[in-house]
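The structures considered in this document are given below.
Across the two complexes that follow, chain A remains constant while its partner is chain B and subsequently chain C.
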Partner chain A sequence: MLRFLQTLDRRWIFLAMGLAVAVPILLQMRFPEKATPIAEKAFATINDLPDGSRVLLAFDFDPASEPELGPMATSLVRHCALRGYRMYFITLWPFGPQMIADKIREVIRADFPQLVEGEHWVNLGFQAGNEAVMQQAKSDFKRTFPRDDRGIAVGQIPMMAEIRTTRDFACLIAVSAGYPGGKEWVQYVVTPERGSAVPLRAVVGCTGVQTPQLFPYYPGQLDGLIGAIKGAAEYETLVNEFVEERSPGTTIPEKYQEAVRRMGPQLVAHVLMVSLIVLGNVIYFAGRRRGTVA
Partner chain B sequence: MSRQRIIWAIIGVLFVVLIGWRANMGRMGRVYVEPTVKVFERVQPEAPPWADSGAKAPRPAWIPATAPAGAVDRPGLWRDRSAAGGEVIGWTSWNEVDATDYFKAQAAARTGGPPVVATLSWPRTVGLWLAALFTLAVFSFLYRDNPFYKFTESVVVGASAAYYMVVGFWNVLVPKLFGSLVPTLVRDLVQPTLREPEIADRVAMVLAGVLGVMLLMQLVPKVRWMAVWPLAFVIGTFAGLKLYTYIESDLLGQLRAATASSPIVIVKEIVPGTALSTPEVAWQSFIASLKNSLLFIGTVCTLFYFFFSMEHKGAAGRVARVGIWFLMITFGAAFGFTVMGRVTLLAKRFEFLFDDWLWFIDPKGVHQAVGMITGAFGVPWS
Partner chain C sequence: MKRLIPLWIAAIAGFTVIASNFIPWTLSMGDLVTTMFNVLAAVAYVLGAASIAKVHLSKLSAKRPGWGYSVVTLVCFAVTLCVGLLKVGVRPEPLSPDLSFSGSYSEPGGAIWWIYEYMISPITATLFALLAFYVASAAFRAFRAKNLEAMLLLGTAFIILLGRTAAGFFLTNWIPPDTFGGLRLENLSIYIMQVFNTAGNRAIIIGIALGVSATSLRILLGIDRSYLGGAE
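Then we have the complex of A and B:
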C-alpha cells in the first residue's frame, strides 16, 4: 500500500481535484457566509460615506482574473449605486475597459436605469502609463483622463465639473489583479494623502495572490481589504443583507450571489488539498521509518 | 494498439457523438441574438434669435429617427436621403438574448403568437464552441503535452499580443503622439474631441517619439547602442519615482504601523450605554494586546533572521529561529491564498463548460436548464 501511494501517478491527483471542483458546481452546492471584521470594515467604509459622494473606481484587472475579481466588482458597483454615490470608472490595464463595460451593463444599466451617464456615473476608460498616470491624476485629474470612453471631453460632462485632483474623491475603490494595482494606488495616491485634513479613504479588492502583499497596509494605509473570492463572498453577503434590510422580502438575483456560489467548490477543494497534504506527510514519515525514502 | 488506448478512444468517440447529438437538437452551446436598428437623421439647427445675421450657422446635429421598413435587413452602415432632404444613416446592432426567451418565443409562435424576432448567431456560437474546445485543449495538458495544447497556447499568446498592440496604438500613439504632432489630421480622421495640444506637450511628445524610435534600434545590430539611452531614461525615471514612494509608504508607513499604531498592551474602557460587560471588555483587551504583541515579536524576530552581522547562535539563534517560523507561517498563508485563487479560476472554467456550453446547470436562469441526464440525451423542449 505504501509503495502504491509513493508511486501514485500525479494525474490521479489532478482528476481528484477536478472532481472536487466539478461536482459541487454540478450539484450547485453553496454554504452560508459570515463576514469577518475586515470585510465588515470595507463595507462600513463605503456604506458610511455621505450621500452623493464621489467615488473613484479603478478596475485594474483582466479576463484572467475576472473569476476572482468580477463578483467583488459587481458587489462594489451595486453597493455604490444603492447608496447613490457618483461613480467614476477608470482602469490602468488595457483589458480593463471591457471589465468596466461588463459591470456597467450587468449592474447599472440592468438594475439602476434611473442613473444617468455623465451625471451619476462616468466611464473614463483606460490610460497607459501605470504609476505615471497615478502621479499625474494626483495633481491634474482632467488632464490625465481628458475624455470618457465615448470620446466626450470631460469639460462637457457635468459630474466632472468639481473634479480637479484625486483629493476631490471621497473614496478610492481599487479592484486589482497585479501591477499596476492596489499596491501602487496605496503607495502613490493613498499614503501621501493620509496626512491631509480629509484623508482619501481607500478600499482595495484583490486576488488571492496579492492579498498577503496588501495585508500590511491594513488598517494604517487602507480602510478596507477584500481579499480573494472569500472576501468577495463576504462582501457580497453584506450587500445582500443590506438590500434585504432596506427592502424585506426582496429576491436576490443569482448574478449577485456569484461569489457565494463559487465558494462551494472552494470548500471541497480545500478539504481535498488539506487531506492530500496530511496524507503526503504521513507517506513521507512512514517511508522514512521503513527506510524507503531518504 | 494497447487495450488502454482502445478504451480511451471509445470513450472519446462516445463523448463526441453525445455532444454532437445534443448540439444538433439545439439543447446546448447556442447563442441567440435579436436585432436593434439604430437610425439617425442629420438636421440643421436654426440659428438662435439673438445670433448676428453674419454669424456662422450652427453645426449640423444627428438626432434619433424612426427606422424605415425593411431597415433591419440592410447590411452594414447605410445612408439615405430623408423626406425633408436631409441625410439619414442607420445600422443594425445585434444584442444577445437568453435562450430561455428564444425558446418561449418559439413555442408561442407555434401556437399562433407573433413571429420570433431573435435568431441563432453563428459567429457567436462558433466563438462559444471555440472557447469551450480551447478550454478542453488546455486541460489536456494535465494528461500530457500534446499538439492541441500547443496550438491553444500559441493562439492565446498571439491574440493577447495583438490586442495589447492595438490598444497601445489607439490609446497611446494616436491620441498622445500623433495627436500632438498632427492634431488636425487626428481630429478630422479619428478623434473629433481631441483638444489642441500646447507647445510643451508637442515638445515632450517629439522627445518621447525620438526615444521610442531609438528604443526600436535594438533590432538593428549596427546601431543597437542607441537603445541604451532611452532604456537609461526609463530606468532612471522609474527608480526615482519608486524610491520616495517606497520610503514614504513601505518603510515609514510600516514602521509607524508596527510601532506607534500598535501598542503592545491595550486596555479598553467600558463605554457607557453599550451592552458589553466587564469580563467581555477585559477579554477584548487581552485579545487586542495578544495580537499586537505577536505582531511586535514577529516583526523583531523576522528582522533578526535577516541580520547577518552576528552569528545566529545561542539566544540570537533562537530569536532567528522564531523568525523563520513566522516566515513559514507567512509563506503558508500566501500559498493558501494562491490555492484559493487557482481553484476559483478552475471553478469558473467548469462553470463556463457546464453552464454556457453544455447547459447542464443554469444558475443565472438564461437557458432553462434541461437537467443533467435528460439534457445529455437531448429530450426536446416542452
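Then we have the complex of A and C:
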C-alpha cells in the first residue's frame, strides 16, 4: 500500500481535484457566508458615501481572472447603482474594456435601465501607459481620458463637466488582477490625497495572490479590501442583505449569488488540498521509518 | 552621440517628473513628460505587434520546428486585427444610426465580441484553471514537514486554506465567540494576514522602494546604462 502511494500516478490527483470542483458545481452546493469586519468595512465605505457621489471604477483584469474577480465587480457595480452614485468606468488593461462592457450589460442595462449613459454612468475605456496614466489623471483627468468608449468627446458628456482631476471623485474602486492595478492606484493616486481635507476614499478588490501584498495598505491608505472569491462572497452577501432590507421579499437573481455559488467548489478543493498535504506527509514519514525514502 | 542623447532624454524626463511632485510650477512640465510617455506606450503596442509578426514570419519562412503554431498565431493575429479595425458586425450607435462605424466593438454581435466571448475568455480561463491541478499535485509531493520552518508554513497553510472557506466556520464554530473567538479559524486566518503577513510584506515593500530609488537615481545620473543595451 505504502509503495503504491509513494508512486501514485499524478493523474489520480488530477481526477480527485476535477471531482472536487465538478461535484459541488453539479450538485449546486452552497454554504452560508458570514461577512468579516474587512468586508463590512469595504461595504460601509461605499454605502456611506453621499447620494449622487462620483465613483471611479477601475477594472484592471482580464478573462483569466474573471472567475475570481467578476462576481465582486458585479456586486460593486450593483451596489453603486443601488445607491445612485455616478459611475466612471476606466481600465489600464487591454482586455479591460470587455470586462467593463460585460458588467454594464449584466447589471446596469439589465436591472437599472433608468440610468442614462453620460448622466449616471460613463465608460471611458482603456488607456495605455500604466502608472503614467494614473499620474496624469491626478492632474488632468479629461486629457487622460479624452473620449468615452463610443468615441464621444468628454466635453459633450454631461457627467464629465465637474471632473478635472481624480480629486473630484468621492471614491476609487479598483478591481485588479495584477500590474498595473490596486497597488499602483494606492501608491500613485490614493496615498498623495490622504492628507487632503477631503481624502479620496479607496476600496480595492483583488485576487487571492494579490491580497497579502495589499494588506500592508489596509486600513491606512485603503478603506476597504475585498480579497479573492471569499471576499467577493462576503461582499455579495452584504449587498443582498442590503437589498432585502430595502425591499423585503425580493427574489435575488442567480447572477447576484455567483460568488457564494463559487465558494462551494472552493471549499471542497481546499479540503482536498489539506487532505493531500496530510496524506503526502504520512507517506513521507512512514517511508522514512521504513527507510524507503531519504 | 547614439548613447548620449538617450541618456539626456532619460535624465531630463526623470528629474522633471520627480520635480513636478514637489515644485508646483513644474507640474505642467511633469504632465508634458507623462503625456509623451503615454504616447510612447501606445506606440509600443504597434511595435509589439510588428515584433510578433516578424518573429513568427521568420520562423515560418525558415520552417523551424513548431512553425505550424506560428501559422495559427499569424492567422489569429491578422483576423483579430482586421475585424477589429473594420468593426465587423458592429451595430451603429443609436445616437448616430447613419454612421456604421459609430458602435462600440465590445457590444454583443460584433466579431471582436464573438472572438472574446467564445475564444479568448474560455481559453484563458481554462489555462488559469489548470493551476489548481498542478498545485494539488505539487502539494501532495513536495509540501513536507521536514523541519520547524516547514511545519510553521504547513500550519499557516492549513489555517488559511480552511479559514478562507466555510470549512473554518464549521470546524471551529463551537469555540465561544466572546471569550476565545480569536481562535476560530476564520478569525485566525485574518489575524495571520493582518499581522504576520503585513509585517513581512511591509519590510519587503520598504526594501523594494529603497532599491528602486537607488536604481532610478543610477539610471538618471547615467551611472547605470544597461537599459541602452550592450555591455556598458
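One rule holds for everything that comes next: the second predicted complex is superposed on the first by the 294 of 294 C-alpha atoms of A that agree within 3 Å, B and C clash if a C-alpha of one lies under 4 Å from a C-alpha of the other, contacts with A are read in each partner's own complex, and residues count from 1 in each chain.
Operating definition for what follows: contacts are C-beta pairs under 8 Å (C-beta built on N, C-alpha and C of every residue); 3 or more make two chains touch, one makes a residue touch a chain.
Since we're looking at a predicted model, the values are computed, not measured.
For chain A, which side has the bigger count of touched residues, chain B or chain C?
On the superposition, C touches more of the residues of chain A.
Touch test for A:Pro180: chain B only (first), chain C only (second), both, or neither?
In the superposed model, A:Pro180 contacts neither chain B nor chain C.
Kindly classify A:Leu26 by the partners it touches after superposition: chain B alone (first), chain C alone (second), both, or neither?
In the superposition, A:Leu26 touches chain B alone.
Answer with first, second, both or neither: which of chain B and chain C does A:Val271 touch in the superposed model?
Second partner only, chain C.
Applying the document's definition of touch, where does A:Arg147 land relative to chain B and chain C: first, second, both, or neither?
first
Does chain B (first) or chain C (second) touch A:Thr36, or do both, or does neither?
Second partner only, chain C.
Output the chain A positions appearing in both contact lists, the one against chain B and the one against chain C.
In chain A, positions 14, 17-18, 21, 64, 66-67, 94-95, 127-128, 132, 135, 151, 208, 211-212, 216, 227-228, 230, 266, 269-270, 273 sit in both the chain B and chain C interfaces.
Which residues of chain C touch chain A once you look at their complex with the stated criterion?
17, 27, 30-31, 34-35, 37-38, 41-42, 44-45, 93, 95, 102-104, 106-108, 113, 116, 120-122, 124-125, 127-129, 132-133, 135-137, 139-145, 154, 157-158, 161-162, 164-167, 169, 186, 190, 193-194, 197-198, 201-202, 205
Over in the complex, which chain A residues touch chain B? Could you list them?
Counting only chain A, the residues touching chain B are 11, 14, 17-18, 21-22, 25-26, 28, 64, 66-68, 94-95, 126-128, 131-132, 135, 146-147, 151-153, 186-188, 191-192, 194, 207-209, 211-212, 216-217, 220-221, 227-230, 254-255, 261-262, 265-266, 269-270, 273.
Given the complex with chain C, which residues does chain A contribute to the contact?
Contact set of chain A toward chain C: 8, 10, 13-14, 16-18, 21, 31-34, 36-38, 62-67, 94-95, 97-98, 100-101, 105, 127-130, 132-133, 135-136, 139-140, 143-144, 149-151, 208, 211-213, 215-216, 218, 227-228, 230, 263, 266-267, 269-274, 276-277, 279-281, 284.
Mind pulling up the chain B residues that touch chain A in the complex?
Counting only chain B, the residues touching chain A are 142-143, 163-164, 167-168, 171-172, 191-193, 195, 238, 241-242, 245-246, 248-250, 253-254, 256-257, 261, 330, 333-334, 337-348, 350-351, 354, 360-361, 363-365, 372.
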